[in-house]
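Right after this note come the structures.
Both complexes shown next keep subunit A, but they swap its partner, so subunit B is in the first and subunit C is in the second.
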Partner chain A sequence: MFNLDLFYESVPILASAAIVTVELTVCSVILSLLFGTISVMLQLSKIPGGYWLSRTYVSIMRGTPLLVQLFVVFFGLPLLGIKGQAFLAAAVAIGLNSGAYTTEILRAAVQNVPEGQIEAARAMGMSTRQIWFRVILPQAFVVSLPALTSEFTIVLKSTPLASVVAVTELTYAGVVIQARAFSAVEIFLPIAVGYVLIALSFTQVSRWLERRFRLLHT
Partner chain B sequence: MDTRYIITSTAAAVIALGMNAGLAPAKADALDDIMERGSMIVAIDPTFAPFEYTDSEGNIIGYDPELLEAIAEDWGVEIDYQVMAFSGVIPGLIAGSFDFTATALNITAERAQKIDFTIPITSTVNAILTTKGNANVTNSNINDLSGNRCAVKQTTQPEQMMQSMNEELSAAGMDEVELLSFDTVEQTIAALVDGRVDCVVDDIVVLHKAMASRPDIEMEIVGEIGTKAVIGWGTNKDDPKLNAALNDALKKLKASGKMGELQEKHFGFRIDNLPEENFIPEG
Partner chain C sequence: MDLEQILKYAPLLLEGLKVTIIISTAGILLSIVTGAVLVAMQRSGIRPLAVIVRIYTEIILGIPILVLLYVIYFVLPDIGLRLSELAAGLLTLTLYYSPYMAEIMRGAIDAIPSGQLEAARSVGMSRLQAARRITVPQALGLIIPPLTGISIGLVKDSAILSIISVHEFAFETKQVVARTYAPFEFWTFAAICYWTILFVWENGMRSLERRVTRYREAR
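Let's turn to the complex of A and B:
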């Protein structure tokens, strides 16, 4: 029953769509780290209004479905005169969404940095900015690596939603082939394997980072 | 310190910009955009053979793409496809995320309130597909379908038609047709093959194509259901010039016989007497 011809002809198309999936995931992850870091700094430093800005962002992003956020961003961009930027819209929406979870992961880690270290840094004459970037954040990122990795595999698996805003990633590429070939196994089996491989390579990078930084810090 | 204030104020500015729809620049007609850009950004969901689908290399082919290619050649512009799932097409058109859509749209009164349609490029009627010898579904009369399970593609015209027929059924005190909504045609066919539903309601052309691509399963079309509908493309209500230009181009293709040729090639028959005005059905 397994149609080998269909399998062989699908693989190149799926492979190029898998690259889109990886690109979208990586861009979303970078934005998520950026938004999460800004948001956690706003929340925990004494900038006026920063706490509420960050809490509101986290509440909105965690309290609405990603699909709704994708629609808002994608259909909101034309209002700013930007047309046909599907990939950008998807990366921003997924990055904003994941950034809320990254905020909470980092918050737990930042609050676990011993108060004594911050007092010591201040006693040494470090500015608030230096304390954030040299003392707090480096430790927070290392401690958060396992939780962040887990969050970013969730980002990987939320990328198929981007098909409604015109990004042909791995899953939708499969749906398009399936619509022509009317069979599923030959297409969705390699897709599943593809996702596993992408997720595994993310965890490998994370493991490598963990080993590297644990060494530096012990 | 400074950096943080810059970050905060930038974030605030971005949020304000995002929320303030009133800041939108005055929008020119999409036709001017197309000519200036030298390409048309066209939304398409290529999961709807024979209207639009892909070949084994992933190229977008079908009746609509071939008509569109003829128009693009005539206008001397490129086609930049925005390939997307159907549920994003009409919202994206209304929001102006692309110039127009060449995905086959059933022209309905409800949709016509939100978007403009081109002149019809084909007409269609829905039909009932079932497995051969299914005792529950022997004809397409809605009273006989009452109480059966039917698969439909979600957010499509066949789904809406079945929903309104259901309202009539329950008003008459009869059991509704239980509707199971799926994303794609082949998922509805799979549901039929698995016995999860008794029948599939979809466009008759789509059903013929689905039957042909699954020769291993014995299926039959037991009859047509509902009124004949016309199919066209969609443009944003803010782009009347684009709509008029597409209509002129389509009329030209019709007059030259090219449209009829493409119908014969993709559907196996020609559709005559397509209306050019008053084609929006009454709500």
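Let's turn to the complex of A and C:
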């Protein structure tokens, strides 16, 4: 029942598609951190309308399916003059979506930075921007590393949706082979294992980061 | 946004919305039931059952829901189990979300001290009375908030079923887009619809939570 030839034949193709999955995940994670940071700063600094803007962003991203967001971004980018960029659209959509969750994670961490530190920084003459980038955010990122890691494994698990806008990542590559070979176990088993392995390596990177920063902070 | 076009295709979209609501409701109920079975298996005291639940949970947490959907839709026919799109979709939602539901229930059960139940029994309450008056009211307050979050996730993930042509809201939107070629407008419209439904759902659950936790203020 298990066709070994098909298995050997499909693994190299799947491996190269897995690289696309990793690239998409990394790009989405970077965008998610960017959007999350901007959004949390809007929400907690005293910029007029910032709080409202950030809450609306979070509410929209958490209240609509990623699939729908992908289509909105994919068909919305051409209206901004960016055409035929499926990978970019997917990374932006997943990044925007995850950014809402990153906002919530960072918000909890930012609010945990002791008030005294901020007062001390101000007393030393630091500007608001300096306080954000040198006092609040570095600590917030370190504290939220575990939560961010689990958020980014969710990002990894949402990348297969990029196939709806024709990004050939791991899952979609599998569907293409499957449609040709009329056999599925040999293809979907390595795919499932592939996701678990990628997720495990992300967790390892995060553990390493955690150790590194814990060392710096004690 | 072209309102006239949206009105023209409203009946079709509404049909899809109905399927989304039905399949989501069914998915939530079934995954609660399956989740309860998982908890029961884990707490049964039989080692192999507990191990099976743990492996199952690890696998589900490790793979994307789309991969599970493809496995059910493409691999199961290989072993002679051909499901309709709707059944495959519902099975996917149930299998994927039951470990999350199990986790919620486990948390709620563990949060209620066993001493309370023993106390209730010792003042002469029957098992049923103790469950109805002591366990359930407290557990509900603990279950509703995480249940809201997980069920919102399930409703959003039901859109993925459009990929295997379950005729739900996202699928019908795709059909309409293919006919009108106004993708941005219709997908934005779909986003608004999902957001509205989930907004109402979230607030409904929040007021339900306030109702069932009134006892907390009465102390």
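As a working rule, the second predicted complex is superposed on the first by the 218 of 218 C-alpha atoms of A that agree within 3 Å, B and C clash if a C-alpha of one lies under 4 Å from a C-alpha of the other, contacts with A are read in each partner's own complex, and residues count from 1 in each chain.
Basically, a contact is a pair of C-beta atoms (placed from the backbone, for glycine too) under 8 Å apart; a residue touches a chain by one contact, two chains touch by 3 or more.
Here the structure is a predicted model, which is why all the values come from computation and not from measurement.
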item: Subunit C versus subunit B on the shared subunit A, clash or fit after superposition; value: clash
item: First (subunit B), second (subunit C), both or neither touched by A:Val164; value: both
item: First (subunit B), second (subunit C), both or neither touched by A:Thr64; value: second
item: Which of subunit B and subunit C A:Glu9 touches, first, second, both or neither; value: first
item: First, second, both or neither for A:Phe87, with subunit B first and subunit C second; value: neither
item: Partner chain in contact with A:Val175 - subunit B first, subunit C second, else both or neither; value: both
item: First (subunit B), second (subunit C), both or neither touched by A:Val185; value: second
item: Which superposed partner A:Ile47 touches (first subunit B, second subunit C, both, neither); value: first
item: Touching partner for A:Gly76 - first (subunit B), second (subunit C), both, neither; value: both
item: A:Tyr195 touches, of subunit B and subunit C: first, second, both or neither?; value: second
item: Subunit A residues contacted in one complex by subunit B, in the other by subunit C; value: 71, 75-76, 79, 163-164, 175, 178, 184
item: Touching residues (chain side subunit A, partner subunit C) in the complex; value: 1, 59-60, 62-69, 71-72, 75-76, 79, 156-161, 163-164, 171, 174-175, 178, 183-185, 188, 191-192, 195-196, 199
item: Contacting residues of subunit C [partner subunit A, same complex]; value: 59, 62-67, 70-71, 74-75, 77-78, 152, 155-160, 162-163, 170, 173, 183-184, 187-188, 190-191, 194-195, 198-199, 202
item: Contact set on subunit B toward subunit A in their complex; value: 1, 3-5, 7-8, 11-12, 17-18, 21, 23-25, 33, 41, 43, 46-49, 53-58, 80, 82-85, 87-88, 91-92, 94-99, 183-186, 189-190, 210, 213-214
item: Complex contact set, residues of subunit A against subunit B; value: 9, 13, 38, 41-42, 45, 47, 49-50, 53, 71, 74-81, 83-84, 86, 127-129, 163-166, 168, 172-173, 175-182, 184
